[in-house]
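Below are structures written as structure tokens.
First chain A sits with chain B, and in the next complex the same chain sits with chain C.
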Partner chain A sequence: MASLTLYSVSYDLAQALLGAIGSILPTGPRALITSSDVVTGLAVLVFGALLLAASMLNTILLIWWERKLLGRFMDRRGAMHVGYAGLLQNFADGLKLFRKNTFPPREADGLGFYFGPTAYMVSSLAIFGILPISSGWNSGALPLSLLLALTIFSFAPLFIFVSAWSSNNKYSLMGGLRSAAQMIAYEVPLLLAVVAVIIVAGSFDLTTIVYDQKNYWFWGPLFLALVVFVAAMLAEMERIPFDLPEAEAELVEGWNTEYGGMLFAFFMLADYLRALVGSILVVLLFLGGWTLPSWIPASLSAFPLAGIFWFMLKTYVVFGLFVWVRASLPRIRTDQLLRVGWNRMIPLALLSVFLAALLVTVRCVPVLGCVPSAGV
Partner chain B sequence: MASELNATQKPDQIPVLWIARPMATAARQFVKSLFRPSTILYPFERLEDPKFRTQVGVGSGMPIGVGPVWDNYRGVHALNIATCISCNLCAFSCPDLCIDMVTVPGGDPKHPKKCPEIDYGKCSYCGFCSDACPEGCLTMTTRYELSTTKRSEMVYSPEKLNEVFRHKLPMNPIRLELPKNEDSILLDPPLCIGCNACARDCPTQCITMLDIPKPEAKPGEKVAKRIWKEPVVNDSDCVRCGTCISVCPKECLFWGASK
Partner chain C sequence: MSEMWINMGPQHPMTHGLWNLRVRIEGELILDVDPEVGYLHRGIEKISEDRHYNEVITLMDRCCYVAGLAWEHLYILSAEQALHIAPPERAEYLRTMCDEFQRIASHQMWYAAFVQDIGLMSPFLYAMRDRDLVLDLLQDYTGARMTYEYMRVGGVRNDLPPGFTDRARKVLDWLTDRFREYDQLCLGSAIFHKRCDGLGILKANDAVAHGVTGPMLRSAGLKRDLRKDRPYSAYDRLEFDVALADGADVTARYLVRMEEMRQSVRILRQVLDWLDRHPGPAIAERLPRWLGAPYAPIGDEGYLLKRSFPKGVGLSSVEEPHGEAQAYVVNEGGEHPYRVKFRSPVFANVSAARQYLVGYHVADIPPIMGSVDVCVGEVDR
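Showing the complex of A and B:
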């Protein structure tokens, strides 16, 4: 069981599937479809399907988790009728959106109107091919996986702006402009906070970064970077209090005003996919990924798929933090947003980079003792 | 701009507290509603369920009219057909004209028993009918679930209102004490023909027809052709419904100060 990895699972599934099909076929075709090339080819497809299913399922669960948590923050219960405790409510909502029609505005740019949400969705999904979930549960040893993930993550303003522009609606356009301004403003502190992690871990590889946190998680020594990262990530995910692009009190629904049906569902899903990516990145960079601190008894991580379990638990707790922020803080103004982004966040991020460099140079953490392994 | 803001900054406007204070408030609310949010899951549990009796209603010990008291809610009427005297007062007092008096079994063929039938499509739940009811047989209950898919189902027959009564829902404890009608039914004797209509239709049977002496025929005059009886109203039993006045064919009964 310990050797259960994403590759072995998808290979075994493909082999079992083809074996079952082959067992009812004559010998010639059976030999053909159970050959290693076909099995490997199907395994790649199963691999992709598994990733897709897992990411979509977690996204929908994340929406459920947010609705339940937000309900408790507001002294109510959230969804609770479809499925146990409302678990299937979002599937029902998705089904409803799937059945609805999408009406492009008459003057809309058809290509951009359909390209925007699709590309937004696809680019958000693509990140899940990069993020490691547990040891062995990633798509391969990518030496620059963090950089690649953040690059794809920062495509979003482009697609949002394309769909906002092609909607031919003033509210969409203003939302798109705000989104672009906001994402560009907060991209810089986000990446600078990541630079602090990279300096301490000495690697762009997310798996390596997780294993570098074996002795201590980075949230302690890099607390400033964590604060900057979470704040910038909130802005990148366009969640309250940074949800100016879809400020429903001023702009009708922001850049997705003109969208309905499945295209709106794409936006909605992609928003939560990005929220999931944000939570996962916080866990990977600052909270030790799937590892547990050494003072926790090893028996707690002795069951199969323990890594994924602890990883997802941490992810949902981090997302709960985002929900907590959403339940507490009001939306801020555009000028405040940009002033905080350029005037406060970037100096703080630079300071955190400086602190990280200092940490690596003196190789000593004031709180947690000396760093045993680190450094460029 | 920023320096101006800083100059007028009060000590409790430290930017960190702008974030920390609402987050603490939200966390407190989260912990409070983690076990049980304030929401009552209406179709599955109701405010009148016994487990909420300590929070709302008369059982909470709060004086009526203060706080979340639901016992003075004016909902569907309850009608006790057995004690209804068919006096019509509810229908008279209804400002929406939503009460019809319909015949129910139980009366004799000559004097059918009539009880109120209420159209909830028109009713404004003012409660005047239950205030006017002299026998206390028409009351407002706390039942509030009235939604139907047909307009005809909004008309509650006396039997249906009697069903509501049989469920023994908490009655509205507030009954308006109307100013008592001190007037009595008076008779203009020369006009009366002794037809017995008032005594027949009196819901409380407080009118009795008494014999009066037939006057001697004077020469040259005819004795009036009539029944030599006169109604006498028992004031203590009279509910002042005015049925006798409305049925009198000669309009010889009227309201007036009793002697």
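Showing the complex of A and C:
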């Protein structure tokens, strides 16, 4: 893989910047600010800033992608006037929200009202520091990166519930309750489906999991786990058919009814950040991450940043499938959703764990080939 | 969660208009409901008393924004009865055509709103797209897409433009295909059945007791359709079936409305054929001067003539897309109606809300109320 990684770029940037500043300073301070500790510290900050910019940019692109796709599914064109093919439409929308005031309801709990969306946004962003986008993307090896990502991912119901309750609105409260119930119910099958992957890959490290798919991607042997994972992920992302916490038909906007301006934008962005995380996790766990199958000519992954290119392509295709689901299914009811979650999804997830264990035990399946030895 | 009242309305995505559904809930369970109407009252019945007979027609368009022509038809029937005027046969067929095009447009609007309520986004736009074709046809011969002002006492304002029937047939062919697509998108989905089967049940007895009419009544298995039972205009000369279902639930109402659209297409084909074969005047030839075009200046002459007409009373009922509408017009001899009174089917359908909402979940309110097809303009008038 090319040596160009996000961290190396930010390290070079930090070094160049500090070097330039240092060259106009006397020797004493120059030695201080060009010391390796300071450079590393600034490199981490630059790394974070680049990551933030990249993830926000991708989120906004994701919204554009969804709008275009939805438009096509609905026999219309989607955003098309601002920028080329409407690419800048979401920036315009974001700017509009940025300029707007936020009106907390009179009886709202001030702390919770502002804390909820902010924490929701921050926790969603934090996941991007963990996900490996291509080889060498991360600054350091994280042996438990998958676990950490899912842990941060599952903070969301708490923040949603806090913001719903502190809004002092009946619709918000009902939306918040539904959201908490739904996310907690679907957390279990989600994690069980991940367990199936962990069993086969023998690692909690996302990078290792991707490299374990060298021979073949996990979606084939772990198809059941993939189905459970995608369904549970749809519920976690609160998208149709599981979008009833914000079912606009009966709950106006659910838990974000009372939010406007930038706080609403936080919810909106965080929702899509989570959708992006969901799609990325599907790609990482089941679709081989940034790698390509061996039967594809190597020349296709020889250009610079090829890993990132293929990774983003897969991510956007996976998200496109989520949009397809959204365009074609009605939403189901809370009690039905919970019944499906506890009565169907969890047994299926357990079955997929069992199948994964069986696969590891048997090692080789006639059609599918052999799994990598566990615990590489 | 303890019991609480929530106001779904007057500004709420579920209402599709300006009314308020107060709901007492415990958790997600509905304990009681209380529909409140009156936010859109414009006093149309009172205003009518100050208008010439033909000027009331403009108000009828404002009764229901999706079924203006049906309301025009309703008023015209009783006005003609009160004024002892009979329209030519071609006008009767033209009015029937209006009614059926309007029924398709209205039901497509209902379909769009209904699927949107249960979270289906794409069919909403498909239905709106196809409804546009019907509106284009209506625009073609009435000149408007929503407020038509097409019917007149004694006939209709103008005849069809050349080539209209062929264009209409093309649209009908297209719509027949699309109805199949609508069904696939809804009935083919397991989630749709999960959301709609056995929901919002209103049995025939309760429906009759509450004065519920239209598709809601027919979905309970009661075969009552004014177009068959008390035919008006050209309906007694046309072949069609009454759409029936027996589930009395949301799915049954869906089936009834979809079947009604197909029957409307069937009726329209016959009407278009008849119109092709029978040219003739579209408005009665000998009308009193003061009944002329509503925007023609009414000179002294018009006022001089005002006592020349015999008194009368008109009572008509029409199978409007939402149910049975009734109009009562009293002619005391002046050029204005002495009294006008309407019966709105949706008012009765909404009043029975307690019957079909209590005991279900909050999330069931949008599909159930969607299946009622509320049009507030005619509820409040």
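In this text, the second predicted complex is superposed on the first by the 347 of 376 C-alpha atoms of A that agree within 3 Å, B and C clash if a C-alpha of one lies under 4 Å from a C-alpha of the other, contacts with A are read in each partner's own complex, and residues count from 1 in each chain.
Please note the rule applied: a contact is a pair of C-beta atoms (placed from the backbone, for glycine too) under 8 Å apart; a residue touches a chain by one contact, two chains touch by 3 or more.
In this text, all values refer to a predicted model and were calculated from it rather than measured experimentally.
Asker: Where does A:G260 make contact in the superposed view: on chain B (first), on chain C (second), on both, or on neither?
Answerer: A:G260 sits against neither chain B nor chain C.
Asker: As a test of reading the superposition: which chain, chain B or chain C, is in touch with more residues of chain A?
Answerer: The partner that reaches more residues of chain A in the superposed model: C.
Asker: Going by the contact rule set out at the top, does A:P104 touch chain B (first), chain C (second), both, or neither?
Answerer: The answer is neither, since A:P104 touches no partner chain.
Asker: For A:R72, select first, second, both or neither according to whether it touches chain B, chain C, the two together, or no partner.
Answerer: It touches chain B, and chain C stays clear.
Asker: Touching A:G94 in the superposition: chain B (first), chain C (second), both, neither?
Answerer: neither
Asker: Just checking: does A:I240 make contact with chain B only, chain C only, both, or neither of them? Give me first, second, both or neither.
Answerer: second
Asker: Applying the touch criterion given at the start, work out whether A:T334 contacts chain B, chain C, both or neither, answering first, second, both or neither.
Answerer: In the superposed model, A:T334 contacts chain C only, not chain B.
Asker: Look at A:Y171 in the shared chain and tell me whether it touches chain B only, chain C only, both, or neither; answer first, second, both or neither.
Answerer: Second partner only, chain C.
Asker: If you lay the two complexes on top of each other, which residues of chain A touch chain B in one and chain C in the other?
Answerer: Shared contact residues on chain A (touching chain B in one complex, chain C in the other): 73-76, 327-330.
Asker: Mind pulling up the chain A residues that touch chain C in the complex?
Answerer: Listed in rising order, the residues are 70, 73-76, 170-171, 174, 177, 240-241, 243-244, 247-252, 326-336.
Asker: Inside the complex, what are the residues of chain C that reach chain A?
Answerer: 1, 4, 6, 8, 12-14, 28, 115-122, 124-126, 129, 185, 189, 191-192, 194-195, 361-366
Asker: Which of the residues in chain B end up touching chain A in this complex?
Answerer: 19, 22-23, 25-27, 29-30, 32-34, 37-39, 41
Asker: Under the touch definition given earlier, write down the residues of chain A that touch chain B in their complex.
Answerer: Result: residues 69, 71-77, 80, 324-325, 327-330 of chain A touch chain B.
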